[in-house]
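One structure below.
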Amino acid sequence: MTAEAPHGAEAPPELVQLLTPEGERVEHPDYDIDLTPEEIRGLYRDLVLVRRVDLEAVALQRQGELGLWASLLGQEAAQIGSGRALTDADMAFPTYREHGVAWCRGVDPVNLLGLFRGVNHGGWDPAEHNFHLYTIVIGSQTLHAVGYAMGIQRDGAEAASIVYFGDGATSQGDVNESFIWASVFNAPVVFFCQNNQWAISEPLEKQTRIPLYRRASGFGFPGVRVDGNDVFACLAVTRKALADARAGQGPMLIEAFTYRMGAHTTSDDPTRYRVADELEAWKLKDPIERVRAYMFKNQLADQEFFDTIDAEADELGRDARRRCLALPDPEPLAIFDHVYAEPHRLIDSERAQFAAYLEGFEG
Amino acid sequence: MTTLTLAKALNESMRRAMEDDPKVLVMGEDVGKLGGVFRVTDGLQKDFGEQRVIDTPLAESGIVGTAIGLALRGYRPVCEIQFDGFVFPAADQIITQLAKMPLRSLGKLRLPVVVRIPFGGGIGAVEHHSESPEAYFTHTAGLRVVACSNPADGYTMLQQAIRCDDPVIFFEPKRRYWDKADVDTSAFSEGWTPLDEARVVRRGTDVTLIAYGPMVKTCLEAATAAEDDGRSLEVVDLRSLNPLDVERVVESAGRTGRCVVVHEAPVYSGFGAEIAARVTERCFYSLEAPVLRVGGPSTPYPPSRLEDHYLPDLDRVLDAVDRVFAF
Amino acid sequence: MKEFRLPDVGEGLTEAEIVRWHVRPGDPVKINQIIVEIETAKAVVELPCPFEGVVSALTAVEGETVEVGRPIISVDDGTAPAPGAPSGARAEEGLTEVSADRRGLTEDMVPHPPEQERRPVLVGYGVKPGAAKRRPRKPVAGASGRAVNGDADRAAGGGAGAAASFATLPVAGETGAVPAVPPVPAVPPVPAGTAVPAGRVIAPAKPPVRKLARELGVDLATLTGTGPQGTITREDVHSAVGLAGRAGPSAVPAAVTEERIPVKGVRKATAQAVTASAFTAPHVTEFLQVDVTRAVEAVGRLRELPDFAEVRVTPLLLVAKATLVAVRRHPMINSSWDEARQEIVVKYGVNLGIAAATPRGLLVPNVKDAQTLSLPELAGALGALAETARAGRTQPADMAGGTITITNVGVFGVDAGTPILNPGESAILAFGQIRDMPWVVDGQIVPRKVCTLALSFDHRIVDGELGSLFLRDLGAMLEDPLRMLAWS
């Protein structure tokens, strides 16, 4: 079974959607999901909290407390939906924007802030959270995820890996090589492409002439396009893909069709290259509003619930800010730490030189 | 004369080159509408069109590989690699193809490809955005490697690089992109200082500081500060790393008898080693002290809150100056 | 071991300056590999290596003037023992390890640059302005700024501390500014009655001091160093030869009011040649002003002809051609005086010399057998000759055997001069600048292109009559280039 469009079809690609922008629940023949009210409330909470932390981070950057921040605004559903599909045994390989997935994997948001503040390059233990370090070089992590999946395969483990990347990354050689490897070795890996329509200033048509999910068929595995702003659909499709992978059915490409509501990073200025109408159109497809509307309509939560979540979000934002500002600048000799796993005489002598140099200054 | 930032001077230089030669193309990620993440290509696509200013797919190997193909067809592509740390996917095309193809043809093929790389740190950026990978390329025969340090040189050197029939790796000091200076934006001239020539940018008698790219300014600041110590520091801006203008380096180092090489890249196996070796070979009996190198430690570029400790600064340069006087 | 001696690469040259070595000791060399560029009195010449092996020593340095026959390089062809191992190993052993004392690195000692305004760069925090002043360093106990040879005053400003250069530089210890010179290898205690091991122990000395010692013939092994950590200073070397107190090479001279340039290379050769020529051949110079309007027009016409598409056509080309035609009409002008045999040697072929100002000085390369060349060939030969001269690649053979010379002083913007004969020749023509002048044509004053020709000749061979006829013919041909055809 595959969600791929019929061969040669010119029809618009089939978008897997379970919750419309208006908050209406819809059915899909291949992907469905049965969520308890508690699970739905949990997803809503995740979405609100990660957006709140993201807003706080943007603010911190604007205040000079972070060097940079890559906002996930608009991509919360893709990240929470896929992130919550993972089991503890699954392994996730992020880009530098997967703050929502990091949240699902239990990585403290302050770790992410620390990276962008410049106190370290990440520093969390990937094995503790089964969430790899952020990768800034575009697309490199796709091969790592495939290799990791090949390891799972050889271990005979009940797990899969998932790798995140963007629409721009699909042009990179590494990403295409990872497709080939995954296909040839039938690796238990899910390629989760968040197509947010923009690679900094370049629109999708600078990367591809066909819908991205259809690329998969050329490599020999299924691809599906899911409404990336629909957290239910993202959860359902990713769950299925991971389950198939764990069951030995090989890789799958999920194209989460979404939109980067903000700038590429805080250093970017999207007004130079895209029109406001586009943004306004996507605002109507907001990933949080539709869940909220659905919950209201179906009386899955009352105002008190929403107020509680909002208050929790604010507290989370405040806490993240407080702990971010409290992050100490690393001491200078930390430059020399962790370069090698084993003693290294060059590093040791340079560390000693630098310590003596610093000692020579007054106060 | 107009006052321009380095970014604008490079922009004007490319504009001029594109006006002078319809075969000149600009290609890279975000170089079109956005004008590049540093705005170095700002406005070029608007004025020269999408056929000549090409927003490429996001793949550095593809950028350089297709630039080679365009050059084979008679074009003169100017590639932008967005950041130093992103050049490595293109390293295969640069090292195995761009550098060697003309030789394989016994000189019948020429590859006038320029690869522009913003390099160096000091801008408080995240990982892979502050590196100094020049030594990888100076070590690759077949490539010319240059680094500009100021707006006036940016304007002339980039046009010279574009006109050069050899591949040129063109390093731009990103933390100096916004430094302003007077630039003579007149037409290309054979009378410009040749692309492969170094320049003494400050005369001095006691020590020769040798630098390129972002560290030239640091050395000039150090030389000014050193006046307080009663020391006269000469500063040589190498401009070209491959080929190296050995004669100017040796002339200066031999005259002052003391030589300090400064770059941001790690000292270990860095380009400074080449300078130190050549100065020692050529000036041995004039040297009052060993040639010292100031650069980064043998560690990856640190997170931004540590970069002030990693990067050579005025104090680090003058510390080395003290040490060459201690011999 | 094979030695390569500086060969005579020209006509009886006696010396050459080493311009640039292409090889270093330790380099492998192959037969006919270019090893060195030398500059003789007349040309820069590349010397190919006659041996295969490994360079063991260069016995002449760049900039040095070497007599022909002196060894300049030795090449180890495998039969001789290899040269001694480089001293790098010893330097490595001498490195003092610093003890990493991080106790003092409390938070308040970590340098915190004052909050400075950063400039945005679109990525990251932005750029901090560079510091203008040094950060103050701790004073260092015992750091008197002691340094070699009067550098103490300058070193005093330096302060202490270890280098942060991350190079393989030994780190100064607590004594601070004492230079990081590898410690002197200690002489092992020698028990009585045992033989002293071979090898000498020399106190460290920096390269200029070593050079000074070599120049003064001082054996460093005989000295005890008085400099920091026992290094040998310039004073130590001077003392050894009784020159104590003499200013070393580093002493700053008083006010410099003049520059002294050694006379060598082309300058030396030119001086000798013109002096010899001026004082052996009695020179007479005659002048003729010529209306060259039609010659200039002819140059323009020639340039349009396809035959001349690949070559440069200049007025000099016509002057050269006219000279060749005039020589044909007056062969005696193309001759030389053989003092020894008391004979006049009339040359059948014309090796037409063109004086050229090059970066290396005055050179007079010549076009061999110029009388045999077609006009396009002559143009090509003149162009090649000028290009070679400008590039500094003129070879001695290019300058040998000249029979008559043209010097194009017009390019310097002057009208005429009294040129001195190229030695061994009997005539030289100075060709002045062409400029617009009032000229009388058919009773009317009209602007015309006019230039002055000046012919110097050796009065022992060329009488006033012959010289005048030759000059008049030249003028006639430049006034009306068709005469060149008529007289060819």
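Per-chain residue numbering starts at 1, and chain names A, B and C are given in the order in which the chains are listed.
Here, contacts are C-beta pairs under 8 Å (C-beta built on N, C-alpha and C of every residue); 3 or more make two chains touch, one makes a residue touch a chain.
This one's a predicted model, so the numbers in the text were calculated from it and none came from an experiment.
Asks: Could you let me know which interface, A-B or A-C, is made of more C-beta pairs in contact?
Replies: Of the two interfaces, A-C and A-B, more C-beta pairs touch across A-B.
Asks: Farthest from subunit C in C-alpha centre terms, which chain would that be?
Replies: If we average the C-alpha coordinates per chain, A ends up farthest from subunit C.
Asks: If I average the C-alpha coordinates per chain and also across every protein chain shown, which chain's average lies closest to the global one?
Replies: B
Asks: Roughly how far is subunit B from subunit C, going centre to centre by Cα mean, in whole Å?
Replies: Chain centres of subunit B and subunit C, defined by C-alpha means, are spaced 30 Å apart.
Asks: Where the CA atoms of subunit A average out and where those of subunit C average out, how many Å apart are those spots?
Replies: Using C-alpha averages as centres, the distance is 65 Å.
Asks: What is the distance in Å between the mean C-alpha positions of subunit A and subunit B?
Replies: Each chain's C-alpha centroid was found; their separation is 36 Å.
Asks: Among all residues of subunit C, which ones touch two or more of the remaining chains?
Replies: 111, 122-125, 135, 159, 161, 163-166, 172
Asks: Quick check: what residues of subunit A touch more than one other chain, meaning two or more?
Replies: 67-68, 118, 267, 329, 332, 350, 354, 357, 361
Asks: Among the residues of subunit B, which are close enough to touch at least two other chains?
Replies: 37, 124-126, 129, 268, 297-298, 304, 309, 315-316, 319
Asks: In their shared complex, at which residues does subunit B touch subunit C?
Replies: 37-39, 83, 122-126, 129, 174-175, 177-178, 206, 217-218, 221, 224-225, 228-231, 257, 266-268, 281-282, 284-290, 292-298, 304, 308-309, 313-316, 318-323, 325-327
Asks: Flag every residue of subunit B that touches subunit A in the complex, lowest number first.
Replies: 29-30, 32-35, 37, 55-59, 61-62, 85-86, 88-89, 124-129, 268, 297-300, 302-307, 309-310, 315-316, 319
Asks: Which of the residues in subunit C come into contact with subunit A in the complex?
Replies: 97-102, 104-105, 107-111, 122-125, 135-138, 140, 159-166, 171-172
Asks: Name, in rising order, each residue of subunit A that touches subunit B in their complex.
Replies: Subunit A reaches subunit B through residues 67-68, 96, 115-121, 136-138, 168-169, 171-174, 199-202, 206-207, 267-268, 272-273, 329-330, 332, 334-336, 339, 346-347, 350, 354, 357, 361.
Asks: What residues on subunit A touch subunit C, complex-wise?
Replies: Touch list, subunit A to subunit C: 64, 67-68, 118, 265, 267, 329, 331-333, 348-363.
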